[in-house]
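As structure tokens, the structure follows; a few thoughts come after it.
To keep things simple, chains are lettered A, B, C and D as they appear, and every chain counts its residues starting from 1.
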Amino acid sequence: MATTAMPVGSSTAPHEYENSGLWSWLTTVDHKRIGVLYLYTSLFFFIWGGMEAVIIRAQLQGPNGQLVSAEMYNQLFTMHGTTMVFLAIMPLSAAFFNFLIPLQIGARDVAFPRLNAFSYWVYLFGGIFITVPILFQLAPNGGWFGYTPLTTRAYSPGINIDFWVIGLQILGVSSLAAAFNFITTIINLRAPGMTLMRMPMFTWMSFVVQFLVILAFPVITIALVFLLFDRFFGTNFYTVAQGADPLLWQHLFWIFGHPEVYILILPAFGLVSEVLPTFSRKPLFGYPVMVYSGILIGVLGFGVWAHHMFSVGMGPIADSFFALSTLLIGIPTGVKIFNWIATMAQGSLRFTTAMLFAVGLVALFTIGGISGVMHASPPADLQQTDTYFVVAHFHYVLFGGSIMGIFAGIYHYFPKMFGRLMNERLGKWHFWLNFIAMNLTFFPMHFSGMLGMPRRIYTYDGGQGWDTFNFISSMGAYMLVVSTSIFVFNFFRSKKRGEVAGSNPWEAGTLEWSIPSPAPEYNFAVLPTVSSRYPLWEGNEHDAESARINAQEGKTPAQLNIVLPYSTIKPLIVAGSMVLMFCGLLTTIAVTMIFAAIMVVALYSWLLSPLEPEHH
Amino acid sequence: MANEPVHSDPAATTPHAAAHEHHHPTWQTYVKVGAVLTAITVAEVWAYYIPSLVASRIFVPMLLIMSAVKFITVVMFYMHLKYDHKLFRVLFTGPLFIAALTLLALMFLFGQLAAKLGR
Amino acid sequence: MWLTPDSAMQPAVWNGFCTEYCGDSHAKMRFRVFTVRPPEFASWVASQQQPAAFGAVAAPAGAVAAAQPSGTIEIAPRISGTGAQGGNDPAVRRPSSSNIEGPDTVALPTQSTVIPVSNIAPGYTFPRNQAQFDYAVPKTPTPAGLTFTRGLTGNAGRGQQIYSSAACIGCHAIKGNPMSAGIVGPNLTHFGSRSTIGAGSFPNTPAYLALWIKNTPRMKPGSLMPTLGKNQISNQTGQPVTTGGLDDQQIADIVAYLTALK
Amino acid sequence: MSAPAAHHYTSTGLDSRKIAIWAFIGSECMLFVSLISTYLIYKGKSLVGPYPHEAYTSPTGQTFPPILDIPVTSASTFVLLMSSLAMVLALAAVQNKEVPKHTTGDRILGSSKLWLWMTALLGTTFLGFQAYEFTAFVNEGLTIRTNLFGSSFFTLTGFHGAHVTAGVIWLVSLLAIDYRRGLGPNDALNVDLAALYWHFVDVVWIVIFTLVYLIQ
């Protein structure tokens, strides 16, 4: 199944992916196509999670809402949280990891292309596994955090929580596999001359994120194993009657949970750090400071987890330690905000849609950051925890932060992915509607939160001062539906009829803009050399020479004597059989045995087959 | 730290520099290391069988030190951390450092640290 | 948690919410905090420790044999829940906050009188006038289609017999009623003195209490109390309740009995 | 294992898979630390059932001796240590296969097949000890359900045992390849990966042995 040669694309209309039949997508190991697959799937789940949010807002529009029952509401808000965190924002970042990292560091592909395909397929099947139950009203209903004793078999006897526990284990495997892949890629496949301090900022932030993933996911894997054993094999990790302490779950979950929220935000920081310099026509201000603050956020991220647990009574020493470490981690985040502002200062700004979204992140994330620092102090948090104030906080940092950054990234890198520009007018409509709707939806939650409206309630009595705020939030949510549909329309329309973009429509400075759009399968005709942080802006003549060669279109791998890895279906089979093996826990053990056997056979056949044709 | 940038990155070495020198220790060294590990294990178990020592305050720290020595010996000699590229040291000690801190924090939070030290 | 009201504070009531997520009933886990003066608090505590105020069997070790009033209660006209901003179901209207015409309504003390701690009346001196703290009275409308026959009069004595022989004793305990020793459900010894039922879901008036007993899962989703009303649709089986179901008269009697348990 | 196409450019001159295995070991550190901290958190908090180091008499008068059997576990620890030694000798044998005989005096002590066999055998012996210990505990009334000690102990040692089993399967696969086409210096990296994984699993047992078995 050698890869077929790529037909010569005319420089006017960018070529579609050459053999874009279904089989070529199922067997692809090309990091760019896997990135596009991640993008499509995660946008679908983002809209799916958004629909869940709209139903929640419709139910809470007025007091004593009757739209959905208590059980259905609990499944909706649990799946809204789980879908948005694990199936939308992380994979949206993964889409950019996959697509951008090799291009930014001047590599032909990731270190382990087949492992990369495996992570995508595990994510897809895991996403389906955890999303389908809601159609049968069997979705997880324990909250995205799934605190025990509620989620133990005694208090959640149904199959709902089993879907959640197994679903998260599967998605954990996908993230971990991708993380090892990207750590090795970033360390080992940088172009000649690209030292660590010359890497683009997005790759740096991804580097920190991958370390967060490999260190945080094992902890939740163990927490989930304990819950799985408690639910299926009657062990007593969280059974109070046997002397166990349910706080063990909270601690293990949040040891993963807080690094997780940095996993969600740092890629958006990276994308903004690519967009702002490009449209300010200025290098990023204080590059080394941005790198070290990213690393500091990563490392400190493991020391702050218990600020989610100020109200469980850990005692003054623990509370004050975690309050201090939480305040401490605010500093590197603040440093980043100032560096972005300094990047824009005295820059010749061009407000394209991507730039608008990037500035939107700087503004809204700062609001979210400030409201976050407020409940870093335990006495304030005792009043705010589990109220809508916290809901407002994390929607400002997640929607105002991650999603804004990811939208900036989509508008910025759409030309490189599909060869066409997204429509700027629609883009501006999308931005302004999104900006207004976001504030309309989430700002009133600060007030209903401070007035004591608890989180996760499916209904509330009138006359407690919450009615108007909830009404405004719901109206804002409906506006978000409008703005997101403008984006979806713009996305699919521009793929076919967007204005054709050359290799560097924004005149950006980093390596990914030195190759044609959409990027050829082999990425770089010749390995680029790098002597500065912005090779296309400040590169020496050697860099310019390699950039010139790489800009030529229509070369086939054979002509350039480049060997590409075989496309193979094996990662998909291993991923599929692994997920079905997990399903065996819900059905009969025989199912697990059968698919475990298939998985091992497929795994051996994958490991023993050569990665690419022997180099003659 | 886990992801400290590697300063000694060979910036513009030829694409495939001669792989760093491969002078792995001889098998005699390995056997000696094996003997040392066995000796420490025997010492640990022997200490376990002395009631006065077990009751004394230094029993736990002593065992922890011996176990740490074995840990470092295996990691340095058998896993070649001593001879291989500095990058691997960062890749291993970073996570180990965070893991150790998490362990201590958890034991403190569940009151076991005081119990252990108070013994 | 410590609340230290300043000296000028008049007796007041505070709306409380449990914010720890616990599943379907999470939205209905509410409580009230009444700020009162120490002697009132002492009298409340003392009264709570007494055995049931009605129909208590003389406990062997010298318990106070409470009087045996044959209290009767008139169930208020049909329940309708007009929430403060107009419940969205016109048929359901909330009753005006009339006092309970019960056998032993206790005259409400004015704030200034200080009750000596020793003179512990069997009832207790607590601001129970709902109108005074309207913001603390739950305004949840009752589920549509759940009605109770009007104009029934319940007899507390008969209510106690029905209570002591029905499913209630399996989950509830009443100090002084030896038959009832269940610990799954809340203790009902001083149920009559509570200001709300279902953890702040509804005001504790006979009208709401009747509906509560008739079909608890519909009144409060996620509650463990089974459906007791005869031919009400039970949430466990989905079939109308036939065996052991209570008809409206029996429910009215139980309401009288519970309301008498000051 | 497919030998990597040698001409791939790497910025550090190291093989990608070795970087990946070290990152994997770093990640596994967090996995085992979570298991170990759970064991230490629940140490001494079991309400009922056989205890690790103290005798226990149940309300019904049934007495249970301290359940941990130090001599057997010390032997299994020694077996795992020796398997680490065998592993490192196997790696040396593979790396120096083509080095002329007279100079190898100080490099190899025997063929790679011998040492791979020894490692796999010692690993399986260790698993045998574990299986014996588990069945002995179950017979003495300590199952994964009995108490906190049972749950955390069986999960911790079970996870470690699962890793040792995976290691043995990996070694046997290497042996199969060695028999089919021999393992030369260019396969050295595949054996190196297995060696690193194996030593890590041994190091985790060193920590477990001290924290679980020796410290009361």
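Methods note: contacts are C-beta pairs under 8 Å (C-beta built on N, C-alpha and C of every residue); 3 or more make two chains touch, one makes a residue touch a chain.
These numbers were taken from a predicted model, which means no experiment stands behind them.
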Of A-B and B-D, pair with higher C-beta contact tally: B-D
Chain centre separation (chain B, chain D; CA means) in Å: 16
CA centroid of chain B to CA centroid of chain C, Å: 64
Chain A and chain B, separation of their C-alpha mean positions in angstrom: 35
Rounded Å distance between chain A and chain C, as computed from the means of their C-alpha atoms: 50
Of all residues in chain B, the ones touching two or more other chains: 2, 6, 9, 15, 87, 94-95, 98-99, 102, 106, 110
Chain D residues counted as touching two or more neighbouring chains: 6-7, 9-12, 14, 19, 23, 26-27, 30, 34, 41
Contact pairs between chains, per stated definition: A-B, A-C, A-D, B-D
Complex contact set, residues of chain A against chain D: 111-112, 176, 179-181, 183-185, 187-192, 194, 214-219, 221-223, 225-226, 229, 233-237, 242-245, 248, 252, 255, 527, 563, 604, 607-612, 614-615
Touching residues on chain D, where the partner in the complex is chain B: 6-7, 9-14, 18-19, 22-23, 25-27, 29-30, 33-34, 36-37, 40-41, 43-44, 70, 74, 77-78, 81-82, 84-85, 87-89, 92, 95, 106-109, 195-196, 199-200, 202-203, 206-207, 209-211, 214-216
Partner chain B, residues of chain A touching it in the complex: 187, 192-193, 195-197, 207-208, 211, 214-215, 219, 245, 247-248, 251, 255, 291, 295, 298-299, 302-303, 306, 314, 318, 527
Residues of chain A that touch chain C when the two form their complex: 62-64, 66, 69-71, 74, 141, 143, 147, 150, 155-156, 385-387, 452, 454-464, 467
Contacting residues of chain C [partner chain A, same complex]: 15, 17-27, 83-85, 87-88, 135, 138-141, 221-222
